[in-house]
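Look at the two complexes coming up: chain A is in both, with chain B in one and chain C in the other.
Moving on to the complex of A and B:
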């Protein structure tokens, strides 16, 4: 499959996808100057700046707030970035541990074949049994055709194994190019293991190195990031060569496969394949990872920064239809973040509002010093103007902001509860999230549609309404319906997870508790503590008995969910002052991420 | 020479004393001691010497070859002509020659042209072994001598060989009365070149291969024996250069009986394994006679075979055998067809199974989602359309594009198809065969993009349900179509080996592409998009 000009089409996506990201970070790191200039260029901020300048006429103040915004951006973004990193690491951790266990088992199996150190450096093969000449190979399926997302994954896998006492080398398709041939990949291998660069690299050197005192008795793991992109003949030679030195150097191969099991079959000839003793590992799929990231960053609001429904829809579309990589999703998020902090004058409050523990203290000190213009600007925000009756004081602003925070908390709790229910129906959080941020005019009518109760109020012309009509049944409604259909055991699990999720929102928490106690009471005889272990037959029997009761319970739980959606799931764009924390300018984001048309 | 001699004598005693424990708890003893300097005695196979009887019995079906080899190698210190061992993969060539040298305890230098993938590395590997050089961190893992050209190699080889032979001569003269275990026999040294067939691919000018064959004449040293091992017969090496042709020794494929004997070696429960072989050997040996392939196929099967047994030491009776066979039978056919077996780690497999069960139960309710799950990796929607376009471009003749993608869509195509099938079934079949033989066709980028645009515009106008959701969510950005970054997607598909980029066509001068995905995968992708692929596919 390897074409001669493989290397040519090799770097393209890699390069393009990363270019923008690098640029961004450069922009950030090269100082705030660029951003500042952008602020002045962008029409909105220019207007804002004008506004403020008219009032104060003081440049110094302006710079002060710009500096604050810059600071807030750095803070928020680093928070988001580290959260994403943690999330991805946690997702991979189980697989990594599994791989490590397998590496240890394989190594034991190799050692059991028995070899002596003196033989290890001999040039002739010492084993004749074909099963021992097989290489232990782990295929790690990344489940994404694009491999960009997994560059870091394999690096971290390497680090993980290294920290558990393996020798690890990370190779990639660049090392397996037809131009450099087998010498290229051996050189790179030796460079990583021996820390020397040799012009005549050959694998006997690896054997000599391995028989050194310090290196002996540890597994040697070779990780190949992206086997699809490797030149087939070079990879075959490499595998054959390793199998000739099998046992003498206990190499364990780990190969990343982006597509299907057919990939190795297509690339490698059968005489090579039969040298592989293959095990299979699955990484989290992109949508799983996406859900995890969305949960941590956009639903749990790790930084306070959030996006409007149009932006969310744009990002979702881009992920599903255009690109399909987390890398570009994160990139879009970053662009949104940069844009937000450069265009929204009050965005600096984000840091103080969401990150500092006693935000109240901060406000009491700060809002006194708040320039009049800022307050005026804040109360002139479209979201505030809508029901603008209160006095324009710093206290009120602070109060409204903490209210905003509380409402967002309720919102995220509700979305997470929905997600828990939706999980049983394979509903993805990304879809739920995009639906939950859509603002609606009348809460009650919208919620009617959520319930799918069939009452279609023709007067309602909210976006949400249109949306629901077009879709017939929304994800939210699907999730709620699922609650109705859940068997009792799953319902119990669901309530348990709700109990955990709603801990911070007392009103809901109490109701969940109440439901739980009802469930326990009604099914007290049949439900043991270890519900998860109940065999199917048993549950179905209890189901028969309690059919009616549990149906009532299901109905109650669904009601609760409906109430939560109606009363607590207020999309951010319906809350006053949301402009401070929420980025909505989808056109800007689009032109930034796709380039100007 | 004397310099080399003195450490050798002291070593000899330590080596002989340590050589016995090496076999039992070798790892421990050798690991703690510093690696000793290499001596001439490290050129023998080492370990416990093996008797001729043992040698013969450990290689069933190879008696003739072993005896022939022994005859050609001759008694101690007799010169010999170059040998050429050939035969298919895994017919025992390398193992037998190594075990013969273990039996004879004569010094040899082994180099495999697989490990030594270039002339330089081959030369240096031979020199390192002759010069008793060990690469380590202290010498920067460098070779003892740098030789890149054959002429350099000959000079240093001759020098090194003379030294080694002198040492051997001294040794054999001195210690004829009292011979330590590890001591090399005789005054001959043998150079073994394994995997010789690979040398043919090294350089197109093919100077190395004749050089190796001529080495015997070039060196002109009767004390040096040359042995070539190759998977292909001597006919494949053009021997019109007038050098002494090596003596060919053929290692034919094993017979079924020999295979049985080979597999019966070292079995814990011979009766049980014999009954297992009764079941599998005949069918498998029709497909392959290669010991390596068979043994990798047998080891999991035997485990399966033993599964119903409570005690692996049991001697099965007829009844039991029948039971075991019926247990094994369903696994036989897949094992015959597949040499590439994938072991899933237990935990995800179980999960996947559970998921499958769950999915099945949900299948009725959620037809769409179910179909989406069938491709087990993520691809963006536009990449999916692109790959379908590429598949169509590869499968359909270019002349048909216009009729397929006109306003009437695929309805026109159906009629044509039926007509042709009415015409004559035979013709259609041959055409299909031809298509299969030809494989996927190539296409220029422009054609791919045109088809892609047709497909996406058709889809976007007909607005499938899925599409509408996206439209709804994407309210506000009208141009969220599928057309952006197509070239980027194309290069991703190339990287994933779904589309291969061929050489440029001499007439058009532009790069041509070819879709290399199977119809199965294409259909899966189409299903996930709810795209009626079969409607657009031209068949015979």
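Moving on to the complex of A and C:
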């Protein structure tokens, strides 16, 4: 790079450093010198071309595996992303349907007022009836100070309403800033409906568009994401304008409110509030959403990718103490995923292991083709070093990986059963999850501290879980205790949910079914006694017996839960080859998400 | 013995100190002032600064080389949709441009020098859109639908440009233009409108952003939507210890500065925190200074009489307290009039003073 060129570029507001390599012909710099400068491309391109063509076999291999890892990341992350979207959509579905019903009702009410929509577009339509033209307004209470989490919600709401035949425009607080004024939000509105950008935006254009064939039989919904961030005066003007033109364009307004449902009173003057006919809607709470995401992504392991206990603790603390948004939690997860796929050479196996349907088929073919270095690396992983007796073959690797998958399934089932029990005590899944991933750490765990040292490694995790079960402050212990205290009806429901959850783990499933049959038997007995006429004294004694019997069942259920925690909840960091599927580098994650302290 | 020796030495030192003080006090006072020192001409100073030998070149070189091992990871993260934010002591300009020239050869790269005083963001976004258009043209698949020739980019609105950059034009999602912004926290880009535009650019599906920051309060520029969903920053600590030669071009050198020039902005901030009466007193002074640019300043008596007329102050004491406050904040200074009176003046250039008056009148 020539130095004078360089120095001149430093003083330009912007310049093109280089064009894409693919382009063969060099583009002449056109326009004024001040705006564009090019730096000679040829030396760099020649070097790169050389590298790509003549590279050694090893480089080509590296490139190949890097490409595989990139592919695996894309697969895994798109699975995680679509799972999160589905989960959030399901949570919101009820509210969305409610809102849609209200939109239809409001539109019917507007139509039944009997005004005909003429094609003429006067600037000031005459209001024919004496009553105020009120705008039907839906206030959607997000229960969340962080508006960033709900950006997606309002987008999805718009799509939901569109799919049910409404005209929808999404506006945000930027469109209602004092700088842009009413022209800004009108322009944004028109752009969304008419698909063109107009410099002179006027509401009459919207009216003439609406009266066009095909447009006017559908409700027009305007969604404003975050009402409190809008400039009050601009929003007031907008509402007044819409209510004046309500005869020509029956707009239904939906506004997102973060603080209280009284917020409009703080932002809008009373003469504007009179024009709003308000209905209220409540969205699901942020913690509900967090639990749903943790369940789908980190516990049920939709993609197979998981995180270690330190990373889990960091993400939880970051969410609870620093950021508080679901968006940042998901972003931290994405950074963890990227880090994992860019630094762990064997991470490309994740795709085959978990995501593809015929993983069995893959393994039987591919394991014969694993290169020697890769097998050596795999068996040298810290998690495998304990078990040195195993022969380093592709077959053994494949076998161990499917065992990892099976153990993960058992762990996931146990955590979900704990969560079902914990729901009766309002325990959050995030807390349970962070406890459930903690592995046995050898001499430094609290469990050893509690129960004395000198314990062999093979029974470490069960002893650690014994600690979890007995330690009063742990969430797992609270969940198990709750099982003991549940009344019969709720215990029945709990067992039903366990029956569904344990379908894939036969040993646990059988035990759950056993308990269920006992419960039915007890229930049947108590029913019979209720039906017959028994003197009061006998009834009380039989009630006592019934209580005692159900207590026995509670105890049995709690014992079953304890057994599951002890024997089936092996955290991923205790399983050989977990480094392939689990991300543990919390320092990297911390410095990349938010910079160093 | 040793202790005594120490004490003697201290005693001797103290005695010498007091003797020197006495001698100094009895002598004639020098009439020279600090402001009489002739400072070096700015051009000379800049030339001298340019020719300073940079220290630790070898170590800095090896540090920059060590960052090359991070390049593949940076490319991976850019492809995954993250933005890269570089921070750390030293100019990161050379590092980022080296990364772009060596690792990002498959896509067009546009550099914005955010450290300059003013940047026209619309022109920059137009250039980005044009670069993307060029790149898409060369990658066009025969079957793919490609938008026909439309109106030229520099006559389109910002929203249109953003819509173009965000649209899904080709099946290949890895076709993107990389925008490098040196000092995204620089004075030319600091206002909220520009940052909003940059965030919307970064959120476009065909744009990836690599930026550097140096100001300690830079993160205050962004709200959570911008950080998490639009820019999507991955933070990298890359101290380089390279001097800020390019970035500091437009900043006045401290040695040549003298420290007397007060920028209008800080003055405005200070004034806004004062009471309305104090602001009005200041306005009187400023108006006089603008009306009489050739005089040394406004005599205190004149100021007092005008302020009394306008009911801004009730007594000399009140005016003095206002003046003391102004002096403490370095908003005004005193000079000797040719008559011998004390005059007050505001140490700002005429344009800066006019702008200041506008600011506080709002």
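Here is the rule we use: the second predicted complex is superposed on the first by the 444 of 597 C-alpha atoms of A that agree within 3 Å, B and C clash if a C-alpha of one lies under 4 Å from a C-alpha of the other, contacts with A are read in each partner's own complex, and residues count from 1 in each chain.
In this text, contacts are C-beta pairs under 8 Å (C-beta built on N, C-alpha and C of every residue); 3 or more make two chains touch, one makes a residue touch a chain.
Note that the structure is a prediction, hence the values are computed from the model and not measured.
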May I ask you to decide whether A:212 touches chain B, chain C, both, or neither, giving the answer as first, second, both or neither?
first
For A:159, select first, second, both or neither according to whether it touches chain B, chain C, the two together, or no partner.
neither
Quick check on the superposed pair: does A:552 touch chain B, chain C, both, or neither? Answer first, second, both or neither.
neither
Is A:174 touching the first partner chain B, the second partner chain C, both, or neither of them?
second
Counting only touches as set out at the top, which of chain B and chain C does A:98 meet: first, second, both, neither?
first
Tell me the contact category for A:146 with respect to chain B and chain C: first, second, both or neither.
both
More chain A residues touched by chain B or by chain C?
B
Kindly classify A:263 by the partners it touches after superposition: chain B alone (first), chain C alone (second), both, or neither?
first
Contact residues common to both interfaces of chain A (with chain B and with chain C):
9-10, 12-13, 16, 146-147, 323, 594
Show me the residue ranges of chain A that touch chain C in the complex, using the header's touch definition.
9-23, 27, 35-36, 39, 44-45, 48, 66, 70, 73, 77, 146-148, 151, 174, 179, 187, 191, 197, 199, 323, 325, 327-328, 331, 334-335, 338, 341-343, 591-596
Which residues of chain C touch chain A in the complex?
72-73, 76-77, 79-80, 82, 85, 87, 93, 97, 100-102, 105-113, 116, 118-120, 123-124, 127, 131, 134-135, 138-139, 157, 159-160, 180, 188, 193, 196, 223-225, 228-229, 232, 234-237, 246, 249
Touching chain B in the complex: which residues of chain A?
1, 3-5, 9-10, 12-13, 16, 98, 102, 116-119, 121-125, 128-131, 133-134, 139, 141-147, 181-183, 190, 194, 196, 198, 200, 202-205, 208-209, 211-213, 216-217, 226, 228-229, 237, 240-241, 244-245, 258-267, 270-271, 273-274, 276-282, 285-287, 310, 313-314, 316-324, 425-426, 434, 463, 466-467, 470-471, 586-587, 590, 594, 597
Interface with chain A, chain B side, in the complex: residues 22-23, 26-27, 30-31, 35, 46, 89-90, 94-95, 98, 109-112, 114-118, 120-121, 124-125, 129, 134-137, 140-143, 192, 194, 291-293, 295-296, 299, 339-345, 347-348, 362, 366, 369, 376-383, 468-477, 479-480, 482, 484-485, 488, 491-498, 500-503, 516, 518, 521
